[in-house]
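Below: a set of structures, written as structure tokens.
Shared between the two complexes below is chain A, which has chain B as its partner in the first and chain C in the second.
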Partner chain A sequence: MSEDSGVWAYAITEEGHLSGPEGPVDLSWLTGVGEAKVRTVTSGGLAALVSDVSLAEFGEAALRENLENLDWLDEVAREHHYVIDAATRLFPLLPVRLATVYTGDAAVSAALTERGGQLRDALRRVGGRVEWGVKAYAAQHEPEGPNEAEGPDEAKSADADGEPAGGSAQPRTEGGVGLAYLRRRRAQLTAARETKTAAVTGAQEVHAELTAKAADARLHPPQSPQLSGVRQPMLLNAAYLLDAAGSVAFTAAVGGQATAHPELRVELTGPWPPYSFVGGDDDGR
Partner chain B sequence: MTDNTPMSGAGAMQRYGSGSGVAAGGGRPPTNLGDILERVLDKGLVIAGDIQVNLLDIELLTIKLRLVIASLDTAREVGINWWESDPWLNAEAQRRATGKRARGEVDDGDDARELDSGDGARELRDEVRRLRDRITELESGQRE
Partner chain C sequence: MTDADLARPDLTSAGYPAERVSLVDLLDRVLAGGVVVTGEITLSIADVDLVVISLRALLTSVSALTGQDPEAERADRR
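Moving on, here comes the complex of A and B:
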């Protein structure tokens, strides 16, 4: 360890999983953030998967800036996920949150020792299990904007080009047109609301059915259209914890729910490492 | 950049339904960045100790807000309000709204005020605000 490097943590496992009856697990092929080699730090029967990172890029000040760069974040998040995803296929583990950087191996060991009991409990609860992500959107498209017979309005909009958005200097003579637009929009929204209500109810039913088939379930905030790449509102964004052996039946159940709910578009992702199930109330947040 | 590194093992995605009950999409598109970020940033084990970097509070806030809050308006509009019991999200949603108002970025709209109050007017104000935000975004893009 040099002064200008830190230790990035990916996952926690039991030391025994790395040297089981089938022989030691070889991680030498695995590279993580910044293409650094992944290694292990062990303490008290637990092991952390870590790699060395430069503090010039991953120190506190640098991270503050870099995390604002979505391209940088994309790359680092995928590298972090890749290590966890690969290792979770080899042995049970607990995924560690992105950007957990220790001052050195001794600090990692100390954390393992200090939190040993909780970490073992969590490993018993989620270790070896996977999560499946299920998202549901309203199947019907949102009402289009009032494009029909809107030629004159569009022409006026073009004239107003360069006007600050929401500028209070906008002449009120256009209020009549604006009001007509808003009234039409309200009628559209009223119709759309009824469709959405049916879809929301459907999404709640899907969640209840799938929760009953899973060991545990978590709700994530719905993603914005920019993030999901889907125009329709996301009505459900959930993660379900399954035993590896339960995945076949669960994914079939998701397909069954999709068929039973034509008002929804259902999306299934996974299997994921059990990210969503390691941060309980005792996660020290 | 990253578009040539779809190395996630969780890249498998299945889409069901397109409004007609027929499977659409499918295949193995690169894993959605949002799916990864909401897991590695927001979930995952938090183990403290002698850490060099503590991103648990302020630093992650901006990212989380950018990714999460934009979707809250949509969710509220369709009647999902589970996050309102989540103290973290609830507090941040309020803080963000307050901050935006303080910076004068949100104009609730004189036009909308001429309509009746209630759900319809609220939705319209949201719509107006979204449209104005979009215009601002487009304008700033053109000037760069």
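Moving on, here comes the complex of A and C:
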């Protein structure tokens, strides 16, 4: 390894998982960030899946800059995920947070040794399990603001059509149209408030039901409409941890919740490697 | 159960590609999740909120793609 190269970490597993009864796991086909070959670094019975990266691109200063570049981040996040997702189908593992770079194999070994106990605990807790993502939005409802189809303009455009009845009827209906509009508007606002409240309550119920069916659950911050691409507010952005064998029943339960809660738009993603159940506040748990 | 059993979001209204949406879900996970094993090089950026960095990048990109942010676009329609 040259001085200007570093080591990118993808995942941690037990060394024993790499040599099953059917022989050693072959990772030679697997490429990661920058299409570099994935290899393993072992220490104290644990193994890290790593690949070499150029420090010109992945050194500290470069990382800071590159993390702000969406195209770079998109590509690297997908390459990182690809390795973890592929490996998680072969053996139980812990995903490593994006952008964990070491100066060399010795530093990786030292980290494995230093954190061995916590890593083994985490592997026992999530290894071999998968996570499912469930997002819920308030279902599409009537627009909250007036628009061409529902506002007082409706009456004007009808007049513009020049229908014979329109001209003679106008003086009589002017006040009526205005009042009807105000009533309709008030009803709309009330309905919108009630719909929002029902959706929030519904999302809480969905989360409680799904949590009861999962080994564990985590909440991610709701994504803003700009990020989610959905205009309605996101009311739930959750991850649920399941045994691999529990996925069929769980996804069916999500479908059941979607049907039971017409006030929500429910979206399912997964199965994911158990990213949301290691690291962060749970670190070392 | 099939995908059709679940309501799908209307991605066409967002004005940017669906793959960007799944990138958000991915970033939720790879930036906020994953085990933190101190890396020598990334030690000093551990205090920087990676999620904030990436979302800033994402928002910048979305505005660039749509030409304006969705709030402004909505206001224009009224």
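Assume the second predicted complex is superposed on the first by the 231 of 285 C-alpha atoms of A that agree within 3 Å, B and C clash if a C-alpha of one lies under 4 Å from a C-alpha of the other, contacts with A are read in each partner's own complex, and residues count from 1 in each chain.
By our rule, contacts are C-beta pairs under 8 Å (C-beta built on N, C-alpha and C of every residue); 3 or more make two chains touch, one makes a residue touch a chain.
Only a predicted model underlies this, so the values are computations on that prediction, with no experimental measurement involved.
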| item | value |
| --- | --- |
| Touched partner set for A:98, first chain B, second chain C, both or neither | both |
| Per-residue touch tally on chain A - higher for chain B or for chain C | B |
| First, second, both or neither for A:176, with chain B first and chain C second | neither |
| Partner chain(s) touched by A:231 [first = chain B, second = chain C, both, neither] | second |
| Which superposed partner A:85 touches (first chain B, second chain C, both, neither) | first |
| Touching partner for A:69 - first (chain B), second (chain C), both, neither | second |
| A:252 touches, of chain B and chain C: first, second, both or neither? | second |
| Which of chain B and chain C A:189 touches, first, second, both or neither | first |
| Contacts of A:21 with chain B and chain C, given as first, second, both or neither | neither |
| Partner chain in contact with A:60 - chain B first, chain C second, else both or neither | both |
| Chain B and chain C footprints on chain A, overlapping residues | 6, 9, 12, 55, 58-60, 63-64, 67-68, 73-74, 77-78, 80-81, 94-103, 107, 111, 115, 119, 122, 133, 139-140, 220, 223, 225-229, 237, 251, 254-255, 258-259, 264-269, 272, 275-279, 283 |
| Footprint of chain A on chain C - complex, ascending | 1, 5-11, 13-14, 16, 18, 20-42, 44-45, 48, 50, 53-62, 69-70, 77-78 |
| Parts of chain B lying in touch with chain A, wherever the complex brings them together | 1-2, 5, 7-10, 12-21, 24, 31-56, 59-60, 62-63, 67-68, 70-72, 74-75, 77-80, 82-83, 89, 107, 109-112, 114-115, 119-120, 123-124, 127-128, 132-133, 135-136, 139 |
| Contact footprint of chain B on chain A as seen in their complex | 6, 9, 12, 55, 58-60, 63-64, 67-68, 71, 73-75, 77-78, 80-82, 84-86, 89, 94-103, 106-108, 110-111, 114-115, 119, 122, 133, 138-141, 165-166, 168, 175, 178-179, 182-183, 185-186, 189-190, 193, 196-197, 199-200, 218-229, 233-235, 237, 251, 254-255, 258-259, 261-262, 264-273, 275-279, 283-285 |
| Chain C-touching residues of chain A, taken from the complex the two chains share | 6, 9, 12, 55, 58-60, 63-64, 67-70, 73-74, 77-78, 80-81, 94-103, 107, 111-112, 115, 119, 122, 133, 137, 139-140, 145-147, 220, 223, 225-231, 237, 239, 251-252, 254-255, 258-259, 264-269, 272, 275-280, 283 |
